[in-house]
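The next part holds the structures, each set out as structure tokens.
Heads up, the next two complexes both have chain A, just with different partners, chain B and then chain C.
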Partner chain A sequence: MTHSTLEVSHLYTSFFTEHGEVRAVQDVSLAVGRGQVVGIVGESGCGKSMVARSVMGLVRKPGKIVSGRILLKGRELTSLSEQELCTIRGRDISMVFQEPMTSLNPTMRVGRQVQEVVTIHEDVPKQEARRRALEALGAVGIPEVEARYDAYPHELSGGLRQRVMIAMAMVMRPRLLIADEPTTALDATVETQIIALIKQLAETGTSVLIISHNLGVIAQLADYVYVMYAGRVVERASVLDLFDHPLHPYTRGLLGAVSSLRGQSKTLQTIPGVVPNLAHLPAGCSFAPRCDRCVARCASEQPELVTVGSGHEVRCHLAKGADAV
Partner chain B sequence: MSGSLVHNLVRRLAYAFISIVGVAALVFVLLRMVPGNPVATLLGEHADNETVERISSSLGLDQPLPVQFANYVLGALHGDFGESYTLGKPVSELIGPAFLNTLWLAIAAALVAWVVGIACGLLAAIRKGTVVDRLFMGFSLLGVSLPVFMVAMLLQYLFARYLHWLPVAGITDWTGYILPAIALGWGSAGSIARLVRSSVIEVLQQDYIDTARAKGRTNTQVLVLHALRNAMLPVITLMAMQFSGLLSGAVITETIFSINGIGRLSVQAIAGRDIPLLQGTTLLCTFVIVMGNLVADLLYNVCDPRVRKGA
Partner chain C sequence: MSETLLEVHGLTKDFPLDRRRCVHAVGGVTLAVDEGETLAIVGESGCGKSTLGRMLIGALPPTSGEVRFRGHTITGLKERDFAPYRRQLQLVFQDPYASLDPRMKVRDLIAEPLVTHKVCVTKDEVTQRVLGLMEAVGLPTDYLNRYPHQFSGGQRQRIGIARAIALDPALIVCDEPVSALDVSVQNQILNLLSELQERRGLTYVFISHDLSVVRHVSTRICVMFLGKVMEIGPTEEVFCEARHPYTQFLLDSVLPPDPHLRDRPMRLLSGEPPSPVDPPSGCCFRTRCPYATERCASREPELRREGSVRVACHRVAE
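This part shows the complex of A and B:
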């Protein structure tokens, strides 16, 4: 049996705070195949970044993975020691963070920060590590790499810094790249360039897990999409299916908000209300309080993920019957 | 980049010079505004007016203030700070050895402050919220809050009088510096520990710490290679400024432990209305503090690439 690059099954990650257990990730399962780009989309606070951090083993205290399995090429990660995880992070899985302004060490030259990744994982001479860092910086389209190598982060623009972050993530040619809102802090033209760069990486065989609240970014990049709401996956489908036949009321709401911006509607469509408090989730469907199609059952019973088509699953009581579509 | 550094240095040196001349002028005027005639104090109550006037004129005290100041500055530029009224020696000869004693004390106290302060702050930060953290922070709060004279006397009682491990006061060899260094350094250690702790905790929350961990660095490597340098930036400034403070503000410690340093000399000068000597010690302390701040600024420049260009 061939393994997917990443397989997450029934992942639960919680924060144990003074106000009780905050369930940031509940029963999330997902898979990323070789060279595949998989997107996770949802509002802020829906748990999408926590899925990424769980995979990286970078959940900060008081948070921790409660249960579930995370397999990287068939190798279980959740049972590894911190020491063992250190040999995997940066080499087999790497991550690009949201804020290129603050994600680089301000007192270290950017070239050194890329070179560092090589020297952590391989016992190579300094010259060789430097050469590979330069190559990685060149590969992400940084002009005049020799000069930029010795620059400090504050001397580079946001777009260049995010390129440095990607070079850092790609220098070891990892199997999996996790990009957490990689373009959110950048302006639109730079966003387009970064998306093109990630696409190019996927074409060379790297699997990518991209996290965004921006459906446009997901539409351009992802092959397959997971929609998360309040810590749970509420819908998963191929990108075409999702955009053409969204089934969950939340997904429709998200798409509605975008299409209304494209001028098909005069008024901006929004989803009323806010994401529920993860420490006090409603007993039934967590989207029920905001849902315009909510029925009695929704308030009392948690819906299961059900398959509605090939590779299309949705967590909604209404989706089972024909009345949903 | 080095060009702007030199430019920066020249500008700061000019500011430093202006500060020193300003303080010298202020001290000069203030000391002469104090009611009473220093010569009368010097000669005692039985001196007649004629003698007082004669001595005043020989000391140049009858000349207009601006002339006196100009003479003083001209002399000071040649290393001549006048002659002490009470001790009958040139001020420069008195200040030299006293400054050396103070310097040794300041170095010893700074060593205590830096080593203890940084170690405690770092441990408290990585053991945040534990018993270790509370213990160290309580210890540092005590250091910051207890007055130096009280710490000094408690130390004298415990280690000299009760345990007989160390001399009570006076400097015969290096062991004489231990108790005064602890008394003087504890407070600084306390404030350094608190700053190191909060700075390390803040830096460890930064995004680039996550980046370093995502690269595969272990927690210890992240702390040493990525967090420490950034966390030390505000601490370096504090350390440099504290050191100049230690060099000029050890009056109480020097008095309690009978160390013939600048602080004790200043106290003697005040008691004897010895204007030239007091001017000399004050000028020296001003110089030390201005230079300390200058060094703090320059160190910050060297350590933080972000301020290097902008300034």
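This part shows the complex of A and C:
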């Protein structure tokens, strides 16, 4: 196998607070191949955004990558200085955030913001930078690009702002686009437009890591899916495998909760209890206190991620036919 | 037929921007809410659904039009005359983090409506009622003296619901009550709302942008665009056979949590949302509608009855 675009192995990211070490990411390994869309799904606080921030080198104090490797096209990122990371961010990896209004500079015309990405990374004449910015804005489907070039962020709709963000992310043609809840703040009809756009980018060879709590977004976009719970990957599978044969009780609970909304039963399926506090995780499986299939072993022993079929891995003591990896 | 609980006629709300211009947030809405039903109001951000919800319970005075509760006009009443209606009309907010005073204990948060409306007199009585309410919404009663930050998002929403049902209201407007919650918790709250409805005979107006949630909870659905009602009717009928082009687009934009359905062609809405400051002439959806004709620009379609559904579209009326 050739190099994946992105390879993360055994990543641990923690926050060192006055209440002790909060383990936001624990032993996360994942790979994104060329032109592949990989999804991370999970609920708030499961560490999915922290994986993205770790890859981007954007973990702020008191947070820190404790151990693990992050390889972009075979190049180790965790040992790079901030200055070196700056040359990579925006050129080789880009990130699109949830809220386009807070990620754009409100006092700067949007075209200039896209143009700036080009001039930071390359020594090109202004005219050339402008040409490329216009091209990028056009490629993400912004109508009347010339006119919109001089608009300020507040003059654009939420959908257009998110397109500007994607244009900024794509103007240097990075190998990897990380999209953290890119449509969560958007309306449904705009969401479908942005999903279609990200699909298009992947078809032209960009690798995409998409982070979302929305199983609909994941089902529509991702080729492979990682399910995270309390900082760990609890299941990993191709999108069809995951939705057709979910193995982890948490994945089943999530899918059950969503599909019962579409069913006839008056009472909706839920997952009882609440997400555990990351500073005081249970000794065994983090999901054990909420799991209806929990046995004695689950409370005392942390399950390993085991392979149960081609490319399907699950972190559960009860997974049938499991061989430890 | 069940009885009409709340009716609104030609309800309009304009928010002035400066001397000349204003945002036409809600433009002439007429509808009725029946006793015991759940009427969902759906539409995208800025369509006026929250503004309408606040006018329904008298929390926001309309620019014109009137609201009638059990036949009595409640618009334009003096504060003192409105007080008895306020008890009947309650609101559950979207953001359980922002809608609770962080310096108040849960017991005081839930007791506040009881004390304000002088329902309970003695301290003991208040505590008993608060404990009963906590039980009703599934909060552990030994959390009586905790502060909001000590609760999870789902539990905070339970506190908000306890406050809303404290005065035994007839109608609760739920404004995006589960949008800020995780999927697994969202369903817990939806189950609680339907259980309370059954036990207490509540009527809900359920404002949401999430159509799969709406389909599950509501009996009727009202689709809004730019402050106007596009379509209103029984939920299943609207979902199975949407008549208004905007409703069709909205339903098509639901991303099914099923990867087998991903290669179906996506219908994308063209153009940009029109401005509520300067809405298009005629039908407000026409600038984005693939079927728009000259007639749509010149004349505004009325909300017309089509079987059990009412639709505002010239094309449907043919």
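Operating definition for what follows: the second predicted complex is superposed on the first by the 316 of 325 C-alpha atoms of A that agree within 3 Å, B and C clash if a C-alpha of one lies under 4 Å from a C-alpha of the other, contacts with A are read in each partner's own complex, and residues count from 1 in each chain.
Here is the rule we use: a residue touches a chain if its C-beta (ideal position, glycine included) is under 8 Å from a C-beta of that chain, and two chains touch if they have at least 3 such contacts.
Note that this is a predicted model, so its numbers are computed, not measured.
Superposition model on chain A: chain B and chain C are shown accommodated side by side without a clash.
Of the two partners, chain B and chain C, it is C that touches more residues of chain A.
When the two structures are aligned on the shared chain, A:157 is found in touch with chain C, with no touch to chain B.
Judged by the touch definition given at the top, the superposed model places A:59 against neither chain B nor chain C.
By the touch criterion stated above, A:214 is placed in contact with chain C alone, chain B being left untouched.
Judged by the touch definition given at the top, the superposed model places A:254 against chain C, while chain B stays out of reach. In the superposed model, the angle subtended at the C-alpha centre of chain A by the C-alpha centres of chain B and chain C comes to 70 degrees, rounded to the nearest 10. When both complexes are overlaid on chain A, the residue A:95 reaches chain B alone and has no touch with chain C.
For the pair chain B and chain C, the model built by superposing on chain A gives 7 Å as the shortest CA-CA distance.
Those residues of chain B that touch chain A in the complex are listed here as 206-208, 210-219, 226, 229-230, 233, 303-306, 309. Residues of chain A touching chain B in their complex: 56, 58, 82-83, 86-91, 94-95, 97, 99, 102-108, 113, 116-117, 120-121, 152, 154-155, 165, 168-169.
Interface residues of chain C facing chain A in the complex, by the touch rule stated above, are 44-45, 152-155, 182-188, 190-191, 194, 209, 211-213, 215-216, 249-250, 252-262, 266-269, 272-273. Put simply, chain A touches chain C in their complex at residues 43-44, 143, 157-160, 187-193, 195-196, 213-221, 239-240, 243, 253-255, 257-262, 266-272, 274-275.
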